[in-house]
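The same subunit A turns up in both complexes below, where it pairs with subunit B and then with subunit C.
Coming up: the complex of A and B.
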């Protein structure tokens, strides 16, 4: 082994490359960029502006922050549903004026003023909502027009009533309290804004309206087609935005009491910048209160710092505009490319060197020498089946198999011409076994471990296990439960091929050749599941040895079969039985003579074996080449073999032409015949085994003498 | 609705605008004393021709399913900067060339943001308008109002000259209109713009280079904005940068939408801009004569714009099944 290869081996063993993709796949990664920006902004401002973080300075910032937070949360609601509200600036000015007029000129009590102003803001929002939600006008242009309209109205009002509104002869302590008081050092506006933020957060994430909102923003057409009141939901967001803007304006009015012409001018840009900078997407679907708050904090800090720096006029517009453009550009590109980046960054190949591949060529006198014995196999359900990955036969010789449509299908003995859907589970069955009570236990890809009761009801046994301590990805959830066998005491050991890929991407796991899989034990006595073996390379077939203390399992990408002791004196030990298969093993099942059958789904190739020793090559491939051009392992062999517990190969059966059974993923011996299943096949094969025990059945052999006979007579 | 009726309806739309213009003309002539006078009508044409030139630039973008909210900002700050340089002692030609280059650069940046970065048109241009305004106030134009002192030579005739009793700005408006007509109707570029406005994905699939064309669209609107700014500066002998934060840009959209150029793109022509300009010009002139305050004028204009958008959305309805996700 060269120095370089040794380095590769250590480097890929100890550097956890896969974590990058797993972190990128997390939902919270959206917030990471704004938070970094915030930290950066704080660091920069606190160094270049002396006294930036003094109490007095912070108190002003906090008041502005509270006011803006209201508006930005409203904007977030609108953005999330796929709209935009530019009228917030003018609406803010209008509500500011209304609040001041009601308090100063009319001397109304706050109990009237507050609801009145909120109502006014809500009415403005309702106007937008009616136009945009119900009449389907373009949000941007419409709110731009209401922006001008309201601004003109405010100008007219302040021209005519400005003097009365600007001051009051009598002090109104409650009004001043709203603007100037603090609760334990925190301004009232920020306290209220926080309360509202929590409420809206609950509304958006925990309540029906929020879910509808996400649906409308995520895919308006689908939301419409499933019957959501899209128009009403969109309209409601504008009303909420209006009310929240009014709330912000109330605090502003009570704080400054200003009716100047510049109140709220350009506020829509500030708020939009805050909302988008926080990570809320233009165009809908992505948005949260947390994002709004992060964005608002950044924008308030930046604008405040610009004022403190005392730069020339225009600076603040320039900087805000640039930040806004940059934020939108990042947002647009991020939303568009996130999945693409994720797909590429997620696949994280590692170094893996397989032992030399045994010969299979005809005439090589290898134990795996190719033959054509399976060409005589007959077909069951030809053209009617779709992906019978695993097959099993019951006591009455009926044949069960899975299908890609999420069914377990039963063929009736003796001729297997008739079939029925035994039970519909919903996910593709990948492994099957009968338990002591002759109930079918099934591993369902993407769903977990299920049991089918005698009256054909699917019952979930397990879909989660213990989460490992330092996993970034949530590995408590089962993604690809693959094959199972049941220990005599009733415990079910089943393999989960990979924790990093869903069932439709299972082949991508081959590019990583990392031990992503595990074996889980389900204990029916307390219903718990626990991972017993992890970091396996696509553990697939699993079968009990019959000594009540160990089982065999196959690792597909590892091309090996191992034995694990779950009880007895060697408990916890693993021993490799066959280290160097010429292909990728799939299911293992018992044979009538005490040995084991193992299916081979595909043959190794020198190229892919070499590629597995070159992780950087595979990484470049994933980055630069389209996914359908990637190099995958061969999945094209019709081969199975029989082996002893000592690792000796006893028999090999091939379908050389690959016509009848292009890939074999499972086989069951039953009364002298061998039944063959394949993940991509449209049939089940039947092969007459010469010299096999014609009375032997898997169930009787395994459960026979332990079984409760009374159960059987009940049937 | 049959195809035949639809054609008649769209014809009606343009005729309607002309009919309303005619009616307004008659009403104003009868009710407003100072309206039907040669001096007022000439000044009406002169005032509205600025709006018209800008609207033609806007139309070139709107037809390609875009919108350019930067036009006014580009107009005042590119010409403003030119005259700041001129006042500072630079040759007028060189100063104007630099201003023009600035305008084109801004237009190109906007176009790149829209076409390559894929920021929605309306949003990119809104943010760009803010950036240009900020940049202009910060670095290019120190005061709100630049008075043009000194001899600008033949350029002065752009604002104050006249051809056959028509003021120069009106003549230039017609020239720009003709040029735009040729550009949109008779060149490959124009055909591409219509195709992109009609169906961007289909144009892209059929091999039209939609990104470069979009950049060109925004560059040409910036070019037209610069021309309009130059003419305006020559007419009033000053550049008022406060216009950048006024509602003038909405007047331009108003002209385009009222004229009957659908915001969904692919429809309309220079003729629509002419009729829209006529109507808005009449309206603005009439309201000024009636001494309606600036704010009240804004209210009336925004209500009309709202109405125009509503009519636009009724005539070109958006369907839940076909509307684009994220189309704001």
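Coming up: the complex of A and C.
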């Protein structure tokens, strides 16, 4: 092995390339850039401004933060529905004036003032909402007009009533409390803002309104087409924005008591910057309270720092404007390219060197030597089936198989000419087995482990297992349950081929060649599922050995068959039975003579084996070459073999040119005949096994004996 | 400098020179099944160069020279000492024969018995096509100086460009090189004003080489590797065989130096990711996703390392029509064709058959 290859092996063993793609696939990765920006801002300001993070400084920042958070959360709601609210600054000023006037000039109690101001803000929002939501005016222009209108009103009001509003004859402690008090060092405004943030977060992520909001912002037309009240939802966001702006204004009014002409001027830019900087998309559909908070924190820190740096008037706005510009640019680019980046990062092949491939060619006198014995196989359901991955026969010789349409199909004995849909499950049935009560247990791709009761009802047994400790992707859900077998005690062991891909993307798992799969045990006694073996290379066929304590399993891309002990003295151990198959093993089933059959879905080809040792090559291929043109394992030949528990190859059957049965995925021996299934095929094959026990059936052999034994112990 | 820079950038992004995009088979190249539906005239091993002579229609099959009988059989005329790689007739009884061992000889006619193993001191390695302009003048393509014709895959996968085109004056015994450093010239016809038209396989183009040695691209960006050229029945247009298609995967492997070198070093050529003359015959050959048999059949549009394609070009070199054997067919690797009164005769070297398609 060359130095380069040794390096590759170690590099791919210790660098988890696949995590990058998994992280990028997470929704929270949207927040990564704002958080980084925040960390950067804190680092910079705390070094260049001495005493930036003293208690006094922080408490001022926190008060402003609380006030802004209200407004920014409101803005987030509007943005998420695809709108924009520029009137927040004027609305803020209006509510500020109203609050002060009610308290100072009219001397009203807070119990009246607070609802009144909130109502006022809400009314302004409702005006926006009516115009934009119901009358379909442009959000940008409409709120710009409201901004100017309200500003004019505030000017007029402060000209006429400014003096009365400014001073109060009598102190109102409750009013001052609102602006100045703290709860355990945290300003009241921030406490309330946090409570509101939590509530809105729940509203947006856990309640119907939030989902409707995403739908409207994500695709207004689709939302309308599915029957959502788009107009009302849009209008509601402006009302909420108005109310939340009023809340912020109340705290501000109480803190400063100012009715100066500059109150709320340019606030819309500050809030918009905060919202977009946090990662809320201007285009709608994407946004969250967490983003609003991060954005507000950044903006408040930056403005505060700029003031502390003693910059001239106007510089602060200039900097904020530049930040807004940058944030919008990043937002646009990120939304556009995120999926592209993800697509270029998710598939991450790893180094994998297979042992040398055993000879198979004619005249090689190898145990695997190619023949054409399966060319004599007869077909069942030719042209009527679509993807019978596994087949099984019951005690009455009826034959069951899966189909890509999500059905279990039953062919009637003895001639298998007639068939019916036994049950519709909805996902493609893969591995099948009968349990002790002769109910069909099925692994369903994309759905999990299912049982079909005697009266033909599909019952979910398991679609979830324990989440592993350090997994980035959620590996508790099952993506590709593949084959199963049932232990005598009723526990079901089944394989999940990969946790990283759906069934139609199986080739990507082959190209990765990482141990992405696992074996899960379902316990019918308490209905629980637990992963018993993980990091397997596309674990596929599973079959009980018959010693009540171990089973055999095949790892397709690993080209090996192993034995695992789930009970007994060797419990927990794994032993490789055949390490170097010339092809990719699929299902394993019992043979009448006590040995095992194994289907081979495809043969190893030298070029694919070489590519497995060159992960970067495969990676580039995936990203540069069209999917239909990718290199695949050669699956256009049919092969299956019989082997003993010791790993000795006893018999090999081939369809050399894949005329009838390319890519065999399963086989069942039943009364002297071998039935063949294929995931990509349109038929089931029947091959007469010379010299096989004509009475032997899988069910009687496995459950029949057990039941007798069970009866005896009962006596 | 900018060249290195842009190449590196291309390699990183998979664009420009690193892109694996291929010209589509559309317009006149739209696939059909005309070769698959053509009438089979004779089944024989690896029929290669077919041509019409005063003695009838002759063709080569490995080392044998055969005559096609009207009944659809073949008579062996002669067996050479190694595989015949090209044939040319002067229409007056002389036959030029290129051999895989690196020899060109002439049977019959004025220069009967002439043979050559080198031209102006340069050894002949891979004679790939020849044509007489008059009984004294033979135009000859040498596909490569590095590999014999039998090793054409290696020549492609090692990106050789050591082919040359020669003009032999048999009477004077002089040889003139018309053009060098060609990437596998594999077809030649004489054109007006002493120019020649040559197909350059590995660069997927057809060239016109003037009497002064200047070359001009006549037809570029073919979706396959061009093989032999012949004049059509009217003598104005051309027939061009594309003996194998280009595929994205092969184009990709051609840009992956390390993989290609390791593949060449450790794997048998018939199992390479490389173009092929015949439809897959072994499960050890590479398979591409679209070629996976679905519901028991191989789709005709599946990506394939081998196809049968013959193009008709008008005098300006534009494709006018085409005949195809698609991915689910077996009449692949058409290396030579011959227009006749009854249709177009084609040798499917990979399909071991000579067929005649109606035109």
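Quick notes on this structure:
Simple rule for what comes next: the second predicted complex is superposed on the first by the 673 of 715 C-alpha atoms of A that agree within 3 Å, B and C clash if a C-alpha of one lies under 4 Å from a C-alpha of the other, contacts with A are read in each partner's own complex, and residues count from 1 in each chain.
Keep this in mind: a residue touches a chain if its C-beta (ideal position, glycine included) is under 8 Å from a C-beta of that chain, and two chains touch if they have at least 3 such contacts.
Since this is a predicted model, take the numbers as computed values, not measurements.
Using the contact criterion defined above for the overlaid structures, shared-chain residue A:211 touches neither subunit B nor subunit C, since it reaches no partner.
Contacts of A:603 after superposition on the shared chain: subunit C is touched, whereas subunit B is not.
When subunit B and subunit C are set side by side, the one touching more residues of subunit A is B. Legend: residue contacts after superposition of the two complexes on their common chain; A:7 is shown touching neither subunit B nor subunit C. In the overlay built on the shared chain, the residue A:328 is in contact with subunit B alone; subunit C does not reach it. When the two complexes are overlaid on their common chain A, residue A:628 makes contact with subunit C while staying clear of subunit B. Applying the stated contact rule after C-alpha superposition, one finds that A:139 touches subunit B and leaves subunit C untouched. In the complex of the two chains, the subunit B residues touching subunit A come out as 113, 117-120, 122-124, 126-131, 133-139, 245, 247, 250, 253, 263, 293-296, 298-299, 301-303, 305-306, 309-310, 313, 317-318, 320-321, 323, 325-328. Only residues 14, 18-20, 247-249, 252, 256, 258-259, 262-263, 266-268, 271-273, 280, 283-296, 298, 302-303 of subunit C touch subunit A when the two sit together in their complex. The touching residues of subunit A, counted against subunit C in their complex, run 360-361, 386, 507, 602-603, 605-608, 610-611, 614, 617, 620-621, 623-637, 656, 658, 660, 662-663, 680-683. In the complex of the two chains, the subunit A residues touching subunit B come out as 82-84, 131, 135-142, 144-146, 148-149, 151-153, 155-156, 159, 219-221, 224, 230, 265-266, 269, 282-284, 311-322, 324-325, 328-329, 332-333, 336.
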